[in-house]
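In this document, chain identifiers A, B, C, D and E correspond to the written order of the chains, with residue numbering beginning at 1 in each.
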Amino acid sequence: MSLVVQELSLVRNGVPHLGGVSATFPRGQLTAVIGRTLAGKTTLLRVIAGLQAIDGGMLDLDGRPFGRLPAWKRDVAMVYQQFINYPHLSVFENVAFPLRKKRLARTEVERRVREVLSTVGLADFGKRRPSAISGGQQQRVALARALVREANILLLDEPLVNLDYKLREQLRDEFRSLFSTQEHSVVIFNTTDPAEAMMIADQIVVMHEGRIAQIGKPADVFEAPVSVAVAEIINDPPMNILAGRIDGDGLLLGEGLRLPAPPRLATLPRRAYRFGVRAGELAPADEAPLVGAVTFSEVSGSETTLHVAGEKGSVVLQLEGVFVMPPGTRIGVAIPADRLFVFEDDGEGRLISAPAAIGGS
Amino acid sequence: MMPRFYSALKYAAVLIWSAFVLAPFMWALTTSFKTANGVTGGPTYLPWIQYKPSLHGWESLFGGAGGIDIVQPYIDSIIVTVGASIISIVLGTLAAYGLSRFQYRAGFVKNSDIVFFFISQRIMPPIVLAIPFFLMLQFLGLLDTKTGLIIVYIALLLPIAVWIMVDFFDGVPRAVDEMAMLDGCTPFEAFFKVVLPNSLPGILVALMFCLIFGWNDFFFAFTLTFTDTQLLPVAIVALNSSVTPWWSLSASALISVAPLVLIAFFVERLLSRGTLAGAIR
Amino acid sequence: MARIHLEQVGHSYGGGTYALEKADLVFEEGLTYALLGPSGCGKTTMLNIISGLVRPSDGRVLVGGTDMTDVPTVRRNIAQVFQFPVVYRSKTVFENLAFPLRCRGWNTTRLRPRVEEIAELLGMSKRLGQSARNLTADEKQLVSLGRGLVREDVAALLMDEPLTVIDPQMKSDLRRRIKQANARTRHTVVYVTHDQNEAMTFADEVLVMRAGRVVQRGGAQELFENPRDTYVGTFIGSPGMNFMAAERIGGRIGFAGVALLPATAANEVPDAADLRIGIRPEHLAFSNDGEQGIPASVNFVQDQGSFLIVDLTVASQTIKVKVRREVRIPSGPARLSFPAERLRLYADGALLTP
Amino acid sequence: MDQPEFRFYKLSFLLPGLLGLLAVILFPLFFTVRVSLSGWSAVSPGLDFDGLANYRALVSDVRFWQSFERLAGMAVGTVLIQYILGFAMALLVWREIRYRRFFRVLFLVPMMTTPVIMSVIWRTILHESLGPANDFLGLFGLGPYPWLTDGSFAMASVMMVEVWQWTPFMFLLLLAGLISLPREPFLAAAIDGAGPVRTFFNVTFPLMAPVSIGAIIIRLIEASKIMDSVYVLTSGGPGTATETAGYYIYIRGLKDFEIGYAAALSVTYLVVMIVLLTVIAKLLVRTFVGRGT
Amino acid sequence: MKRMLFLTSSACVLTLALASAGRADQVDYTKYGDYANYGSAEDGSSACSYANIDKKDYSGKTLKVISNAVPVIGEPTILHAKQFEDLTGAKVEVVNVPFGDLYQRIMIPFQTGQAAYDVMFYGSLWIGDFHNFLAPVPEEYLQTPGMKDVTQNYKDVATWGDQMVQYPVDGDRNYLKVRADVFNNPEMQKKYKDETGEDLAIPKTWDEYNQIAKFFSGWDWAGDGKKHYGSAEITKRDDLMFSAFIDRVAAYAKNPNVKGGFFFDLKTMTPQVNNPGWVKGLEMFIDAKKAFPPGGENFGLGDAIFSFGGGQSLMEYTWDDPFIQAQEKSSPIRNKVEAAPLPGAYEVWNRDTKKWDKFDTPNAPPYITWGWTSAVAKASKNKEMAFDYLCFFANKPNHALDLQIGRFGINPYRNADFEAKFWEDKLGWTPNVAETYVKTLSGMDKSTNRVFDLRVPGVNQFMSILANGVSQAMAGQKTPQQALDNVAKQWTDVVNKIGKDKVRDAYAKVVALEDQGR
């Protein structure tokens, strides 16, 4: 019981938008597709929806191919980045629109629309026009319209990206309960924000340059990103990647940063690698092999991200809490060697060794 | 000091242009109350003071002596203009929607070529088409009929409708129509249930342009009718002979202009609300 | 460069309710300020009052002690970066940066070093010869900024949500470049945003706004640790601060039957007041076995990657706890420790200073 | 949406309009080409076959080619003036002017009026002894001017009437364009210290480029059909001073009733116009927008 | 003979005038506008009288009529159409078209075989193009008293070969109109004598015309504080200018001693437009520019009417209309004008001898220019009704009314019309005005040296080429000789294109009229 896409490919004007994408999206689960802008996420959704022709590939749902069905027969619901609603219909009628299309009984339509509107917190807004409510509310209407259908496939294309910071956080928190009603649907959710993907997804698909880089459970992808690109995409701030090698004396990172090789890495062939370490696993330390100046400190809500440029390498570290660290402050950075990821030192940068998984849900 | 000077300059420019725009109307207004004597003695402007006003020019338009009856032409003009405009809008809107949303390809012909083909119809001077149209309508038995004129006007107005509506639809996000299709509408249903209700501003603008160009056409109305059907400009130009009754002509000019001046108010509303901006870019 | 003083400035559009309530505000010379709040809180109005695009209905705008209330934008010597990047499309990057100087009658020889210096600062040196039309959004935004920085007479640099249309992966880099450039030029900067991350990253001082009022101003740390009211507490931080209904337990204040704080501050407050204890999710911790703590039960855990957000119920109130990934989350019943120094007490939404 | 499932719908949208237009226009088009190969005239009606005789005659018809040059001058001239004036007026009533909406309506009115009819009114205004134009200028000790009887004046008069009639069209398109412009670039320019002139050339004008091109091209197309005003005001005179290509075709076709020859002129006219306008459109796009967009 | 005619017709008019004073059966025009002011005439008992037309029943039938723009000929067309409807129950649809487009509006349906109009009113000169499409006037209509009274000139104009295919409704000719008050003013006469050494008199030649016109140009000779000018002439290229030009040329190029064609040499079909007589005429035309009022270089007929009729110009020499305008009741120069024959020339080019022939009295051939005519289409399905309408249009009361209303453009063409008394009684003209008018008009009808329009196929093309050439010379783009040489060359081309024989056959009919001499 799932949506299967196989070898989807799409090239337009010489630019590959999709390069052989294959994946399975189980019903009743929420899959987050994460990737940078222009990685092919939106194209993938449009192909599934039937809004975009493909050069080749197969689409099937529960074993039945539907690639030849026109969009209006696919039973796919979609929520866009922009707050797209029918401007000429009231909120109520917007949500009722797909149901009326299905020729459901009037009372049934009423019931379901009211139910969904109250789920998204808009029970009192039924009579308003979309233009008369705030952006966040408009996006809730769009969500409600998608939810009310209980469609086979529910696609969400970065639905939160255009919302104010706090609203985004709030709506994100509600997602789990919102989608609890869609137990039979395939739900696919595009995002560029790893935290968002991790928090709400049952499965994560990482896309990079038109291809699928990794599919897996959120924790698995987080703990063992298969390549440098995935490691960067799934971490925010992106994982620190340092060129280096393993030799007889242990690890050599960046410009002469020496670390002892932990047992896990000591057995690896002695050659060049790329090493990765999460910003959150670096910590300031007085006695540290890497010393540098803070070039820039970002303070997010509750964390501080420090960009440190040292003679031996530049790293980004993330600290809990809020610190004001003026640029130029010199600090030492402790690099936990046992938390290092090791990747191939080539274009693709495949994962060779990941540190032990920790915690998680 | 300087801003005040600039502002004075600005108002001066606006007022001068206003005067230029208004001049023919004011002249026509005063002339419409003249008789031959008010005209032949050199320009006069003020009734009672410079000439003895008379309602002759106005009476002549409504069956009075020395004029033409413009009531029937008025009605005919409205029927033909509105009829042709509406059909053009319907066909033009559909075609424009297609051209805006789909990719057409036939040999080397692409969307932009089709749009150009539509617009290029406006390049043809009416004279080129007069006789062929005449023969065509003759063949169809539609000479001297409103239907015949409507058909011809469609050829004139459709390009305008397509031009405006393509621009308009290009500016409307596709997401709304896509969403309707995902909600189970065929492209037709999506168009009629969702796109159309939201395209009213564009359609109004296109309709307005069609009305203006249709209402003001003279040449086809002139060549393709005999006696049964007469449109307003043709009826009024019948006053422009070697001996022009300036008074009747002025009165009829003012009367023919009146309905479209109402459109000017309407256009301004669209304009000031920014609706036009979306439709013409 | 100068000190900006909004003296009893308030504004209402068309005489209705105040979009910006009357208040006295000072922006010191050379510092960076952020106006932070959701849409409609009045932050843009305030920015427009400073830039002169809006004439306040009340009060005076003093720049360096001079009354500028009625001086038009052009002569205020301010620079502004807008939400949507503005470049002169028909000009090269060099001419874009040179434009404000040309408007001031500088010739090419005089302005060239200055333009090159700013381009260098923004990392745009290689782009100088390019047409501005073909730049990416973030580069355009840098050019917009550059046009402000290139001027030597700028009293204040105003930025109105400049990162809105920038690709997510470019944001961090752009933030860094803007911040560095500002740090070097030391203009007075007023930065408007709804994103706490940007506000706290950029600003020496953040002004949190709500419904036309500045509810708190202070450094990032101050806002984070001592939110003046429950609104700021919720707005700042992700997730926002937890607020639990508090009760008086003997001479102390606590909840779920456990006394946590001395009641000194609360003594002044009437009994009827709505008392709440606030604590940041980051500051809560699970008690180790045997330690004291308030019993709680875990509802669910949200995995954010490096952090986990745990949703718990404590004495029928919902509380969020944010912990590092490596922390082991007990399943089912757990005990939470509330470090006293992190607890803040609020009465009717306002912080009670101990 | 270029999947096969859409084909039916895709064609259903386009074809009614396209086929309708083709049906109405194709017959006249082919018919004109056919007639141009015949010697149809008042004396010998009917479609005989004359080969390319008409086209051969046309090549050496100086009056036709001169009328073309004149048309080009007139069309480009009037459109340019209309553009400049229309832009100026649009800028003036764009914002910060009292009774803005009144002026907007007023400035739109001329395009709503029937050109033939208003040309007759203009003819009476420009009447050299009975019209108010000379009378008014006489107040300043100017004139009387031979508005319609001197070649250059007649040209100027026709152009003036065209400007009166169609500047509103430019005004409308340009004002609509101005109203849709974002505010920020103007604020930015003000903040950068640019005066009105600099702001216009660096902000307004570049931003208005696409609208300008569209408006100019549409107006050029319409202006090339300039006919009604010439017909009423000067009948192409004095001499051939205001005779445009269209008017010349009209004289040959419907006055002299040389249908065959007029058809050959028409076909030539169409080809030349389409080529010219396409080139102009390309040039405009290049100068206004620059390469690459 | 002349005197007899005068007596009988004046008696007739007198009785008419008396009868109309209070007779019950007078025609009532009140319903159709203010026409009743002009007084009506007795209905009479002709076949097309009100009484007889009233007996016909055409209800359910539609008559389609095309006519000139209102008011000239267009207005009477409408008026009589409404009456015809009321009398017969027919529906009459009238379309009015500006003169410039009348030709093509009639021609296109002809050529494409459409029975678009039953009745057409148009310029009589188009007979060469139209005759194939016109229904001959049936015998019974030729026998009506009105038709019988039409002067020979206008019967000739309506006839193609030996068939009358046009129904005469108007008689047009060009003649000279002058301001009698100026010519008769001793002060002006003295002034003129003092300055030129010659007596001031109504010009007999174009030389005199030009000289007087130039003398009276640019100053206030009327004493009303405005500038006045010498000559209003039709000079607008596409507005009948060719007629004015032919008026002027005829004196120099229509030699009574030369037969065989004025426009062409009938034998060779060589255009004559560039012979010295024509060139002289054009030079004089250009010379007269100095006497034009402002804008005079682009006057249409309407402008000429306003200019002379409004008192601005001293002289005018085309159709009746300026004279009628001047004589309107409200006119400032009413009864201050006089009509006279067109000026002539003492020297006339002889194309046979290639010499200028000298004459003792000026050679002043009248130009029987085109006027309004009407016809019924051959393709019409309602020919009887159509002719009834035309006959009714021209019946006695209607004709009497139409003649009185200047703007109708209907001028005398029946013998009975040349009665000074009619104009004095009906319109209050002074005897002098009426006398000169009637004398001038009837005199033209008696001339033996007449010029007719070039009534051949493609006449418009010939005239348009001619007008274009003249216009270029007037505008100074070409010299007169160059311009006319060019016209001649183009005429030859057109002749060859249409077919020499075809043109010759048609032109021969015109020449026959001119040469029969009478």
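The criterion applied here is as follows: contacts are C-beta pairs under 8 Å (C-beta built on N, C-alpha and C of every residue); 3 or more make two chains touch, one makes a residue touch a chain.
Only a predicted model underlies this, so the values are computations on that prediction, with no experimental measurement involved.
More C-beta pairs touch across the B-D interface than across any other pair of chains. Distance from the chain B centre to the chain D centre is 15 Å, each centre being the mean of its Cα atoms.
Here the CA centre of chain A is 55 Å from the CA centre of chain B. For the pair chain A and chain C, the distance between C-alpha centroids works out to 26 Å.
Multi-chain contact residues of chain B, defined as those touching 2 or more other chains: 39-40, 42, 131, 135, 186-187, 237, 239-240, 244.
Across the assembly, chain D contributes 1-2, 6, 129-130, 254 as residues in contact with two or more other chains. Multi-chain contact residues of chain E (touching two or more other chains) are listed as 101, 104, 108, 239, 306, 310, 312.
Here the touching chains pair up as A-B, A-C, A-D, B-D, B-E, C-D, D-E. If you check the complex, the residues on chain E that touch chain D are 100-101, 103-104, 107-108, 111, 129, 235-239, 293-298, 303, 306-307, 310, 312, 457-458, 460-461, 464, 468, 471-472, 474-475, 477, 497-499, 502.
Residues of chain A that touch chain B in their complex: 49-51, 70-78, 80, 82, 84, 86-88, 97-98, 101-102, 145, 149. Those residues of chain D that touch chain B in the complex are listed here as 1-2, 6, 9-14, 16-18, 20-21, 24-25, 27-29, 31-32, 35, 85, 88-89, 92-93, 97, 101, 103-118, 120-122, 124-125, 129-132, 135, 164, 168, 172-173, 175-177, 179-180, 196, 210-211, 214, 218, 221-222, 224-225, 227-228, 232, 245-246, 249-250, 253-254, 259, 262-263, 266, 269-270, 273-274, 277.
Put simply, chain C touches chain A in their complex at residues 38-39, 167-169, 172, 175-176, 179-180, 183, 194-197, 200-201, 219-221, 223-225, 234-240, 280-282, 300-309, 322, 324-329.
Partner chain D is touched in their complex by these residues of chain C: 51, 53, 72-74, 78-80, 82-84, 86, 88-91, 99-100, 103-104, 131, 133-134, 144, 147-148.
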